[in-house]
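Labels A, B and C are assigned to the chains in the order they are written; within every chain, residues are numbered from 1.
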Amino acid sequence: MNYVIIGNSVAAVNAVAGIRDYDREGSITIVSAENYYAYGRPLISYWLEKRVQDQDMPYRPQEFYAQNNVCVLLGRRAVKLDPEACQVHLDNGEKLPYDRLLLATGGRPFVPPIEGLTPANYFTFINYDDVRRLQAAAIPGREAVILGAGPTGLKAMESLVQRGVKVTLVELADRLWAPALDPEAGALVAGFLQDNGVNLYLNDTLTSVYREADGRLHLELKSGRELQADILVMAIGVRPNVELLEGLPGVTINRGVVVGPDLGIGLPGIYAAGDVVAGSPPLLPHAAIQGKIAGRNMAGARETYLPLPPYNALGFLGLHIISIGNSVANEGYEVLTEVDPAALVYRKLVLKDNRLAGVLLINKIDHRAGIYRQLLEEGLEVAPFKDALLRPDFGLLSLPETIWRQKLAE
Amino acid sequence: MKKVYARPAYCMNCHLCEVNCIVAHSRSRDLFRAYKRENLRGTARVIVEERLPLSVAVQCRHCDDPRCVAGCISGAMVKDPETGIVYCQEDKCVGCWTCVAGCPYGAIRPGEKNGRPVPLKCDLCREADEPACVAGCPNRALVFEERRAGA
Amino acid sequence: MPTLSLMPPEFRVARDDNKCIKCLACVRQCGFDAQQYDAEDDRLYAIDANCVNCQRCVSICPAGALTIYKNPPPMRPNAHWTEGHLRNIVKQAETGGVLLTGMGNDQPFPTYFDRLLLNASQVTNPSIDPLREPMELRTYLGSRVEPVTLEECRDKTRTPLVPIETPIMFSAMSYGSISHEAFASLARAAKAFGTLFNTGEGGLPEDLYEYADHAVVQVASGRFGVHAGYLNAGRVIEIKIGQGAKPGIGGHLPGEKITAPVAETRMIPEGTDALSPAPHHDIYSIEDLKQLIFTLKEATRYQKPVSVKISAVHNVAAIASGIARAGADIIAIDGFRGGTGAAPTMIRDHVGIPIELAIAAVDQRLREEGIRNRVSLVAAGGFRSSADVVKAIALGADAVYIATAALIALGCHLCQKCYTGKCSWGIATQDPYRSRRLNPEIGAERLYNLLRGWSHEIKEMLGGMGINSIESLRGNRLHLRGVGLNEVELKLLGVKHAGEAM
């Protein structure tokens, strides 16, 4: 069996492991546009603030590829997919035949058309090369504007602050990280950022940018506000890399590529995993799990990927947040909270029909977060122990006895 | 694989598994140094949950498809393909705590060691023949055994 | 309640802060709320007055940071007004109640075992090495009729003999007075070693019927848990008349200990007090006793030997003779050191006679009457070692019952607070938080080890005397010599003084 994987990040590496669970022999080729072996993509902010060094960036040890008998084509781009011939065309003209193909092409930063915006006057914050470029610019005392206050913008903010750069966050929504934080939580976190010297402009966005004579950027916001900055980071979001699939009959594109329960895209032998998949939250655990399952299925298994609710752990400047599922919801849901603004603690459980629908934990996160996530994913009815959910001693033993006994026997 | 199984009927809530775990994961491997010099109180990788009279030690189940490994952003958390042990290469951990949100059993806690983030989770005392919690349980409420075939 | 306590605490808890790691195991394990933790100040401290010196905290502390000290006596030394008396008086002045206690008589009465020494072979008769030559500890319990005629062989009313692999059995401790875990430990160990345990007067829990073949099932004045299935399941039936720790006194298991499973086993309502009358109200004579003995034999088709257990009291020999003549197969005699889960202190400490004298007197009397063969004689009450066992058998016992020694093997530290139900060792309690501390797997192993060690020692002592079977030692008082005993004591025990030749 001849496996080809396009992409070389978390989904790809996990697909290799998935394939090797069932097939020790088949040849595996990875086509990597980046010039690096797989690295923990979210580590880039840690790298920028020097908490992680180059040698600690690899997601898997160097031996991983050799041990799993994987051929990696670094710096090669797949430019065309020919499902008829079962071939992938590379940017050097080579044609790579495959029996099974995985599209793990991920996404790219979305950069909207803005007056004056050119690649020369902004940074993105998604891969190793982005932070290598940014490193040179991020000098103490300089000022940066980050467009977008979601996870990417917040991590960029943290690393720049740690490097001594003065940061301003501009966010179109009425609060930070709007898909995860409700207004109260957003205000809490906004206060925390302001206390840490970060400027925050909400309900606002960039309308034009130009470079002044002194080399600094002049930014105009929708509100009419004008800002000066040395660095502009675009962190609005990502778009799935689906170019290879565009126009192929039998494939449905809905921003990302639509997959079946086996993660197949509708063409024989072709699967997709990670951020390129339509409707899948662009989160690392999801990419890893999809990669593993897709890999196994490519090798003959018949595993099903049940769409997982989003869950994300995000920490910046010492503040830790875990968001699971629909953590924003309020109206129409039952909401349990534990709030201690002085300690920046906000713990919120969102329930619908006595089942967990969302969880938001700020600054007081512990092992219970995982139990909440599991309850949410399993859709277990929490009515019998609802009162215990936010208690400090909530744990596995709070669940019905048959359930915890079974879990402990696993 | 051999795992630690709790037998709640015999757990007497002494929490000595936690103490033994802390010592086994200390630099000195010495009770007094671990607590008094290394200040490791509260860093056990096994947690005794209490619903008195019931108590039970909860620790990593070393899942076949571990969520903590899938979610690890740095590649620090791994499942050893030989032994099946899920453990964290602690010098690679950056403390994002995705593993904490991933664990279905609540068996990973955020922790800190020598100023570095460390996910506090059971590693079955990888280098020992028997995990310290099992070896030190005074009432055999924890056993280390193979209960089903496969990894 | 008095506002002023007239007595300082009996014990002091000393904590070595250099060692204490504040793991709080002591706080979680103290059964009497003596060990305390103040979370706000992160401070451990002790309420000394609550400490009963059960040593649970000392044993569990991983740092070895704890010591329990006896507080100095509260008054100047006084050989007559001892500390015990003072404490009792003060307690009664406060409560107006009967003093209660647990375990056996702890007063400094003489222990005759400590005044008896064993013989050994030298030159003229060879000793036996039990590691090289066979050595028989198997003991048969029951009635032996002699001479055996063909007619008697066909006698359908003869109960079978019951073999035990060592002359040591576990004495009666009821489920209710001890935890299910302790009870199960005894049952498992008895089965594993090939001896018997004794249900006491609380019946046999349903889940332990698999051990019934190794059970002496008791029928006491309260008749708790007695039914046809119970009687027929056991190996031996025992009518409990008396108990060494409280001769003439009934039993009272308070309602708090009658949990649902205990109630089910005892066949009484949950939470009600289990009162065992002092006498059996259907037994006021030897003839009445005979009726009960044969009622039980009839109920079990003469398949179960019947034992009658009495306290060692002044007239024990004559009573034993009557019991033998009433048709009992086994007589169990419980000496004044025998333990209890609860007894009035004054009764425990001042009623009954030493088991050594009782064995000698009963054995002598039954021999003189020519009916010794009709019964096995089982001695109980404070056997501390294999040497005590050997001496008891040489004095005339067939086998012994041990209970206090068994509980010590399970962790008991003789704090004597069994009657509180708070046992920190999980033994004398029905509180599931406490009882789960005693894993029956471990308990059974420890009891098995104890039986194994003692049995091995008994073989060594027998071999030294040149005897290769425990039955050859029974009543063989020539192997005993007294030291420091007066002529009356020597005569009663039927032994010569050390230095006297055969």
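Just so it is clear, contacts are C-beta pairs under 8 Å (C-beta built on N, C-alpha and C of every residue); 3 or more make two chains touch, one makes a residue touch a chain.
What you are looking at is a predicted structure, and each value in this text was computed from that prediction instead of being measured.
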When you draw the chains as points and link the ones that touch, which shape shows up: line, ring, star, complete, or other? line
Argmin over chains of |mean CA - global mean CA| returns B
How many angstrom between the C-alpha centroids of subunit C and subunit A? 70
Provide the C-alpha centroid distance between subunit A and subunit B, rounded to the nearest whole angstrom. 28
List the centre-to-centre spacing of subunit B and subunit C in whole Å, with centres computed as mean CA coordinates. 44
Hunt down the residues of subunit A that sit against at least two other chains at once, touch-wise. none
Shared interface positions of subunit C, touching two or more other chains: none
Each of the following residues of subunit B touches two or more other chains, namely 54
Note: in the complex, subunit C contacts subunit B through residues 19, 21-25, 28-29, 60, 62-63, 426, 431-433, 436-439, 441-442
Residue ranges of subunit A in contact with subunit B within the complex: 14, 40-43, 46, 51-52, 56, 58-60, 284-285, 288-289, 292, 311-315, 320, 322, 324, 365-371, 373-374, 393, 395-398, 404-405, 407-410
Interface with subunit C, subunit B side, in the complex: residues 9-16, 18-20, 31-32, 35-36, 41, 52-54, 136, 138-141
Touching residues (chain side subunit B, partner subunit A) in the complex: 5-6, 8, 47, 49-51, 54, 56, 58, 61, 63, 65, 67, 69-75, 91-92, 94-98, 100-110, 147
